[in-house]
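What follows is a group of structures, each given as C-alpha cells.
The following pair of complexes shares a single chain, chain A, combined with chain B in the former and chain C in the latter.
Up next, the complex of A and B:
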C-alpha cells in the first residue's frame, strides 16, 4: 500500500526531528536560572558544607562544561540511560513510567472517548449545519470551551463531590488502601470525575474540527454526485462525506494521543491525581533536570512517533498522499 | 411519447436580501429518443434547470411548476421516491470531472455504487458489469483501472468514467451538464464521438454553452437567455435559420462565424429590464420591445420563438 521510499524518508525526517528536540530540550533546561541546590536547598544551603555541594555537582557531572555534559547526556540516552533524579536519587525512567501509568488511568479512556464522541457529534452537527439542533450544540460548545478547564474542574468538585457527595474530593484511592490494599473499583470511583472532565474538553476540541471539516465536505461536488446516483442521505454521509471529513481529524487525533503526557496537568492538580502532570510541575519547581529531561524526551518520542503514524494512517485514508511529495 | 414534460418551471433562490429569480416559467417537452440541447451563456440558469429536475438544488431554492416524468410530477415526489428516480431513471453527468468524483473511493467502487443501490447485481456479476461498462467507454485495462482513484486519470478519462457512472443502470434519461468543458480540442472530439455513439438510442438533455457540442449531439435545441427559453426547434433548422436575435448573435459569436460578440452583458438575476429581456443588447430592437414582454410563440410547424417580431 505505502511506498517504501516514502516511508524511509518519513523515518529519516523523524530521526532529524528527534535530534533537534533532544538538543533544544537539553540546552533550554540547562539555561533555566537556578539549580537544585539554590532553589530547593536554599534555606539550608548556608549551612551546607562546601564539600557536600561540590560532591553533588561532581556526582551529577554539573562541574563539567555544558557541551561535555551534552555529549555525555546524548551518549547516555542512546544507550538507554535516562539519568537519576536529584531529589530522590532514583533512576528517572521507572519513576516516569510509574507516574505515566497513573496518568493513563484517566487519560486513556478520556482521549478515546473524547475522540469518538467528538467525531460523532461534530459530523452530525456539520451535516445538520444551520439547523436549530446544530446551532444549540455549537453555541453550547463555544461557551464550554471559552471557560478554562480548571474552573470547570473546581465547579465539578464543588457540585458533585462537595455538595452532592457523589464522588470523592480528590486523590486516587480511599484511606482503606492501608488496610485492604488497592481496590480497582475504588480507583475507578476516584477516576470518574476527572475522566468526565477531560473527556468533555477533548470532545469540544474535536467537535469543532470535525464540524468544520464536515461543512466543507458537504459543499463538495462529489456529494451532489452521490445524491444524483440515488443514494439516501445516510449512505451519502457514511460512504462519501465521512471519510473525506475525517482526513484533517487524523493528524489532530494522533497529536492528542501523543500529547497525552502533558494533557492533564490542570486536572491532575485539581484532583490531586498522582500522574505525570503532578510530577512535571513538581520537578520544574525543584529544578530536577533529569526528570524534566526524561519527561520531555518521552513526549518528543511519542509526538514524533504519532506524526509518523499520522502520515501512514493518512496515506491509507487518502490515496492522493500515497504518491509522495510530487 | 413524452418522457419528461416540464411546464411553468420557475426557480427562485431565497437569500438574505430577498428572493432572486433564476429560472422563469420554463416549458420543455422531451420525448423518448430525443436529444435536447439547452444552450445559453454561463449563468443563464442551465445547470439550475438540470438540478431542479433532479431535485438536487440546495434547500433555499423555491421551485414551482411541474416536471412530469412517466405521468408523475417529480416536483411533488418525496425524497424516497426521488432516490428511486435518481441514477436509475434519470442519471446525470455533472460538469467539472475533477471535483465530481469522490477522491477517496476507487472509480470501480463509484461506478458499482449505482448498480448496488438500484439493481440486485452483486459480487462477480457486479464486477463483470463494471468491467463491461468501462470497456464499452473505451477505458483500456479495466481490471487494473477500476482499482485506481480519480486523481490518477486524465480529464478525458474522468469524463468517460462519469459517462460510465451515468449509463450504469441504463436510465431512461441522461442529463449531461457540459460534458466536454475543460478538455483540449482533440480529447473533446473523442468524447463527442463517444457520446454520439452511446447516446444513439437514448434520451438526452444536454446542457452546454458550446454550439458545436449541441449541433453534434442534439436533435432539438432550446436557447436560454437570463432564465427563460427564447427559442426552440430542431437543431439543424435552428442553427441554419435562427429566428431570435439572441440565437443569431450566439451563432455569429462562434469561432467559425468570425467571433462577432453580442454587445453588452446579460442581466444579473432579478435585474431584468422591462419588456423583452434581450432588448438592451438587441440590434433589431424597436420601441415596443422595451415595454411588452414577448411570450414563447409557435411559428411554423415545430419552431418556437420569444420575440415580438414574430407576433
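Up next, the complex of A and C:
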C-alpha cells in the first residue's frame, strides 16, 4: 500500500531529527551555568571537601572534555544505558518510568475521554454549524481555551476543593497511606479533579479541529451527491461526513499521545501531583542533568515516533496525501 | 453583537494594557519590590489591591509586571512572525532548489519537541527575558514558515506578479510591494494568535517557577501567592489581580484572533447564516 521509497525517506528524516535533538539537549544542558555541586550541595552546607567534589566529577565523568562526554553519552544511549541521577544515584530510566506511571494515572483517562468527547462535540457542532447552539458552544470554547490552564486549575481548587470541600486540595493520597497502605480509591479521589480539568482542555482543542474539519467536509460535492441520492440525514452524517472529517483527527490524536509526557506540567504543579512534570522542574533546579536528558530523550522519541506514525497512518488512510507527496 | 464589535473591544482592551505597561512609573504608586506596608493588608485607599506576604504593594507589582509579560509575549510573536514571513515569501517566490532544500530541513526540524527545549533555555538565560523571547521567536518560527510559504507560492504564479516582472520590477520590490500586502491578512492573524500563545506560555513558565524569582511578573505573582496558600488563608486580593490580568489580555487577544481569522477566511463565514 505505502510506497517503500516514501517510507524510507520518512524514517531517514525521523532519524536525523532524533540525532539533532539528542545533540542539542546534551550541549544546552551541559553548557548551562551552575552544576549540581554549586546549585544544590553548596546550598545545604557551606563547606565541601575538595576531595568529595573531585570524586563526584570523576564518578560521573564530568572531568573529561565535553566532546568526550558527548561520545560516551551517545554510545551509552545506543546501548540502552540512560545514566545515573546525581541526586539519588539511581538509574534514570526506572525513575522516569515510575514518575511516568503517576502521570499516566491522570493523563490516560483524560486523553481517551478528551478525544472521544471532543470528536462528538466537534462533529455535532460542525454539522449544526451556523445554528444558535453551535455558536453558543463555539464561543464558549473560544473563551475556555483563551484562559490559561493553570488559572482554571487554581480556580477549580478554590471552588471545588477549598470552598465546597468536595475534593482534596492536592497531592495524590491521604495521610492515612502511612498506616493502611496505598488505596486505589483514595488515589482516584485525589485524581478526579486533575483528570476532569485535563479532559476539558483536550476536549477544547479537539473540538476546534473537528468542527472545522466537519464544516469543510459538509461543503464537499460528495455530501451534496449523497443528499441528492435521497439518503436520510443520519446516513449522510455517519457514513459520509463523519468518516472523512475524522482524517485530521488522526494526526491530532497521535500528537496528543506524543505530548503526553509534558502535557500535564501545569496541572501537576497546581495539584502537586508527583508526575513527570514535577520531576522535570525539580531536576532542573538541582541541575540533575542525567534525569533531564532522560526525560527529553523519551519525549523526543515519542514525539518523533508519533509524527512518523501519523504520517504513515494518514497516507494509508487518505490516498490523496500519497499522491501529493511524490 | 457582530464579530467586528468584538475586534474593536479587544483592541481597546489591548490599548489599555499597553498604556499601563508604557506608563508604569507614573501609574504605580510604589516600586515593584519596595516594601511599603505591613504584610497581608487588605485593599484600602493606600494600597489599591492590598499587600502581599512581605508588605509589597500588589497594584504596583501588577503594573510593573505587565512590562515583563507583554515584552515576552509580543517580542517573541513579532520575531517569530517576521522570520516566518520573510522566509516563507522568499521560499515561495524563488522556489526551485532553495525551496526544496529548506523544506527538507524543515521536515527534519518539525518533529523536535519545543516545550522541553524552551524549559531548559529559560533556565539557561535566566533572568534575561529579552534573550528568552528572542530564542522563543526563532524556535517558534519553524512552524510558521510553511503557513506563509503556501500562499506565497500560489501568489508567485499569478498574472499580476508576472506583469510586475515584465515592467522590470526587481525581485525585492515584487516581494515587498506585491506579495507581502496580499499576505498581510494571514500574517496579521498569525501574529495575534502567536502573541496570545507566547504570552500565556511565558506566564505559565514563570508560574511553574522557572524564571528568576526576583523578576516581578504575573506568573511569579500567582505562583508566589498560590504556593504560600493565599487561597486557604482567604487572601483573595493577593492571587486574583494577576490572574484576572492574564485572563483579560489573553481573552482580548483570542477574540481579536478569531475575529480576524473569520473576516479573512470566507470559508468559515459562509456557514454563518
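By our rule, the second predicted complex is superposed on the first by the 308 of 326 C-alpha atoms of A that agree within 3 Å, B and C clash if a C-alpha of one lies under 4 Å from a C-alpha of the other, contacts with A are read in each partner's own complex, and residues count from 1 in each chain.
The criterion applied here is as follows: contacts are C-beta pairs under 8 Å (C-beta built on N, C-alpha and C of every residue); 3 or more make two chains touch, one makes a residue touch a chain.
Keep in mind that this is a model prediction, so the values were computed, not measured.
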Consider chain A as the common anchor and indicate whether chain B and chain C clash or fit when overlaid.
-> fit
Touch check for A:182: first (chain B), second (chain C), both, or neither?
-> neither
Across chain A, the partner (chain B or chain C) reaching more residues is C
So, does A:317 touch the first partner chain B, the second partner chain C, both, or neither?
-> first
Please work out whether A:243 is in contact with chain B alone, chain C alone, both, or neither, and reply first, second, both or neither.
-> first
Does the superposition put A:158 against chain B (first), chain C (second), both, or neither?
-> second
For A:221, decide between first (touching chain B), second (touching chain C), both and neither.
-> first
Nearest CA pair across chain B and chain C in the overlay: distance in Å?
-> 7
Pick out the shared contact residues on chain A: the ones touching chain B in one complex and chain C in the other.
-> none
Under the touch definition given earlier, write down the residues of chain A that touch chain B in their complex.
-> 220-222, 224-233, 235, 239-240, 243-244, 247, 317-320
In their shared complex, at which residues does chain A touch chain C?
-> 13-14, 16-17, 20-21, 24-25, 28-29, 31-33, 129-130, 135, 142-143, 145-151, 154-155, 157-158, 162, 169, 212, 215-216, 218-219, 258-259, 262, 265-266, 269-270, 277, 280-281, 284-285, 292, 295-296, 299-300, 303-304, 307-308
Okay, in this complex, where on chain B does chain A touch?
-> 51, 54, 56, 79-80, 82-88, 91-92, 94, 96, 99-105, 113-114, 117-118, 149, 151-152, 165
What residues of chain C sit close enough to touch chain A in their complex?
-> 104, 107-113, 115-117, 119-121, 123-124, 196, 200, 203-204, 207-210, 222, 226, 231-232, 239, 243, 246-247, 250-251, 253-255, 258, 267-268, 270-273
